Amino acid sequence: MLKPNRLCAFTDGVVAIAITLLVLGLEVPSAHDVPEQELRAYLIGTLHPLLGYVSSFVLIGTYWLQHYAIFHFITRVNRILIALNGLFLLCISFVPFPTGLQAAYRDDELAIVFYGSTHIACSLSLLSLWIYATKGHRLIASDIAPNVIKSMTMRIALTPAISLAAIGVSFINISVSRFMFLAIPVLYLSHRQVDSGWIETAGGGKYSDD
Amino acid sequence: MLKPNRLCAFTDGVVAIAITLLVLGLEVPSAHDVPEQELRAYLIGTLHPLLGYVSSFVLIGTYWLQHYAIFHFITRVNRILIALNGLFLLCISFVPFPTGLQAAYRDDELAIVFYGSTHIACSLSLLSLWIYATKGHRLIASDIAPNVIKSMTMRIALTPAISLAAIGVSFINISVSRFMFLAIPVLYLSHRQVDSGWIETAGGGKYSDD
Amino acid sequence: MLKPNRLCAFTDGVVAIAITLLVLGLEVPSAHDVPEQELRAYLIGTLHPLLGYVSSFVLIGTYWLQHYAIFHFITRVNRILIALNGLFLLCISFVPFPTGLQAAYRDDELAIVFYGSTHIACSLSLLSLWIYATKGHRLIASDIAPNVIKSMTMRIALTPAISLAAIGVSFINISVSRFMFLAIPVLYLSHRQVDSGWIETAGGGKYSDD
Amino acid sequence: MLKPNRLCAFTDGVVAIAITLLVLGLEVPSAHDVPEQELRAYLIGTLHPLLGYVSSFVLIGTYWLQHYAIFHFITRVNRILIALNGLFLLCISFVPFPTGLQAAYRDDELAIVFYGSTHIACSLSLLSLWIYATKGHRLIASDIAPNVIKSMTMRIALTPAISLAAIGVSFINISVSRFMFLAIPVLYLSHRQVDSGWIETAGGGKYSDD
């Protein structure tokens, strides 16, 4: 069976590009004309797109970290896993589009619904990849303890849950809704299991997080 | 002779970028102006470019997967293989252009002819790379069975065949033609040989696809 | 604990993309219209954005080199290091935006303040990563000598110091301020310790720089 | 001393991105408006930018191949080599700009002078890297035969020579000048030494090119 190395390298490439392309959504006036707005006013007008930029950046970063953690366990790949990984990449590389739209349509809750739905799609594709790979220890080492698998599942499921809540809140208050997305990486990284899930001899749980 | 590692890494980079740049073809209104269209109308107007985006994404993904499968067998490279690989990369990195054109010229069958021709060029360059490498086991291990080689050839040849058919259909019905391209990855991935072609000791064929 | 390989590969990807995307800030007239300006006038008008381009390019290159040097010592990673590395990547991938703004707002010292602040953020995130990793030899080999660590700290701290000075000078003379940023890579690379910090058995210091 | 692996990976990333970004120079009409020109006329108007695109693509591809060949010999790096490699990357990542200009200013020989000068800069930076690394076998294995080094030098020096000639010809006939750049990859790849320079036990010369 195929080893996952080249699949991970390709995924890293796509994610790294998607995360870096986000900056192109922050417009810059032409250097060949005198800018229409004063810089101070321009920067204030950019605060809003900037929040969306940071939000998408840290969310894509979190997906990458989850992918990293998932493939720490996966020892072999098959075509279904490759298709699920492809679906994940399709969702990730799509993120700059809803990020741009929610910056342009800043008072429209539909823009947040679209933005949040994209992140639900990203995280659900990752979750289905993880569930497919771990079901009956299909593509992971046989000695991974069930509680390690369950803990990962819970943490991956956090993203679609918060995104769904943020979509709901957007109908009440769009600004609060926007900030809710930032909770995803904070909650993910604050979890002690992020480190301990990475022990070489997985399933032990004796590893003490520093 | 040169080992193919760095050539594969470079190819992965180019393909990952080409596949991720596609999203830039989905336009976003300026965040510094009030958008001209309502978001709902804007998104409906984007459905068409979106289909082209997904289509090109999954096709490039399929080429990458085929390249992955091909270089699973290739054990050494020479300058002709490098030139053929370069031709493949030229075609792949060109894909965002016809993808954008078929979105702008949505009722023009010439746009589909151009789009389809690009995909024929991508797949023929990959096919010629494979045929060159395997002829007389030139650049592959000597114990690869002829039926494994033939099966790969058939599956790579599927893409130019379907693309040609889609071009023909575009003169009758452009919408049907567009959806035909989506059949390529589905047919490719549904083939049992996708997994079994990857057994470490190629040529066996005893490997059972799960 | 996790090995830093895939983290470095991902970082390399993001930095490589950010450094290459800078060129998109150099505008090109449409090939489908007759250009408004003569080429000679156009190129003269580009000299200014070009200086900003080169400046950001060599600065990002220097950050990459420092990251390279830092991870030469780091032997393991944890979630806090990953978060600090993520912060570094966020700052790096943001650089094209202030680079574009200082090209458009060329006589505005606020543009230089914003540009310099971004570079201070880039280098401080790198510095905090280094300090976190080396404190009590937390994530580096135990035999790295304190003077090697201190020397690295000094060299990384050079960037925020010069950037801060350049921001101050911008209120007196913007042009001088711009050129000051170019001193960062020159000073960094002219240091003998750049090479000797890379000896395999770090902490020796007997290595003679050629 | 530092091993060249991560430097090569970073270089591959930058080159892969620069080569793929070229396609963004081929403009696409907005998918949200009815295009101004008919597709047939649009494609004819794109033939000229397309030639520049292909030309820059195959030239960057050739530089990458030369870099690949150079680092096949280099066994260690120091800060001067890193600085020269950085200069090479700066030139490479700049290529999309003159490529765009020569497409917009198609009848202006200054555009060709600028385009050709960029390629001279790319190849001279590569040449200086090679000369620095091989002088007194500074950064290469001690058993590389002088004739292998000299042969590589000649082949790398081909690019600035042809570029200079093309610049000269541009004052007589711009179209002929454009096609001259395409001779660089053809001549480079047609050389038997491209393969034989890659024998694992370099310096032998007994290897027979297939």
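Chains here go by letter, A, B, C and D, matching the order in which they are written, and residues are numbered from 1 within each.
As a working rule, a residue touches a chain if its C-beta (ideal position, glycine included) is under 8 Å from a C-beta of that chain, and two chains touch if they have at least 3 such contacts.
As the structure is a computational prediction, the values presented were derived from the model and not from experiment.
J.: So subunit A and subunit C: same face meeting same face, with over half the numbers shared, or different?
T.: Different: when the shared numbers are divided by all numbers used, the fraction is under half.
J.: Based on mean C-alpha positions, I'd like to know which chain lies farthest from subunit B.
T.: Max centre-to-centre separation from subunit B belongs to C.
J.: Between subunit C and subunit D, how many degrees of rotation does a Cα superposition need? Round to steps of 5.
T.: A turn of 90 degrees brings the C-alpha atoms of subunit C onto subunit D.
J.: Report, in whole Å, the distance between the mean C-alpha point of subunit A and the mean C-alpha point of subunit B.
T.: Computed value for the inter-centroid distance: 26 Å.
J.: Could you grab the centroid distance between subunit A and subunit D? Build each centroid from C-alpha atoms only and quote it in angstrom.
T.: That gives a centre separation of 36 Å.
J.: Please set out, as single numbers or ranges, the residues of subunit B touching at least two other chains.
T.: Subunit B, residues with two or more chain partners: 9, 13, 17, 21, 24, 42.
J.: Spell out the residues on subunit C that touch subunit D in their complex, using ranges where they run on.
T.: 8-9, 12-13, 15-17, 19-24, 26, 28-32, 35, 39-40, 42-43, 53-54, 57-58, 61, 64-65, 68, 72, 189, 194-195, 198-200, 209-210
J.: Within the complex, which stretch of subunit C touches subunit A?
T.: Where subunit C meets subunit A, its residues are 1-2, 6-7, 9-10, 13-14, 17-18, 21, 24-25, 27, 37, 42, 45-46, 48-49, 78-79, 82-83, 86, 89-90, 93-94, 96-97, 100-101, 103-106, 108, 110-111, 114, 138.
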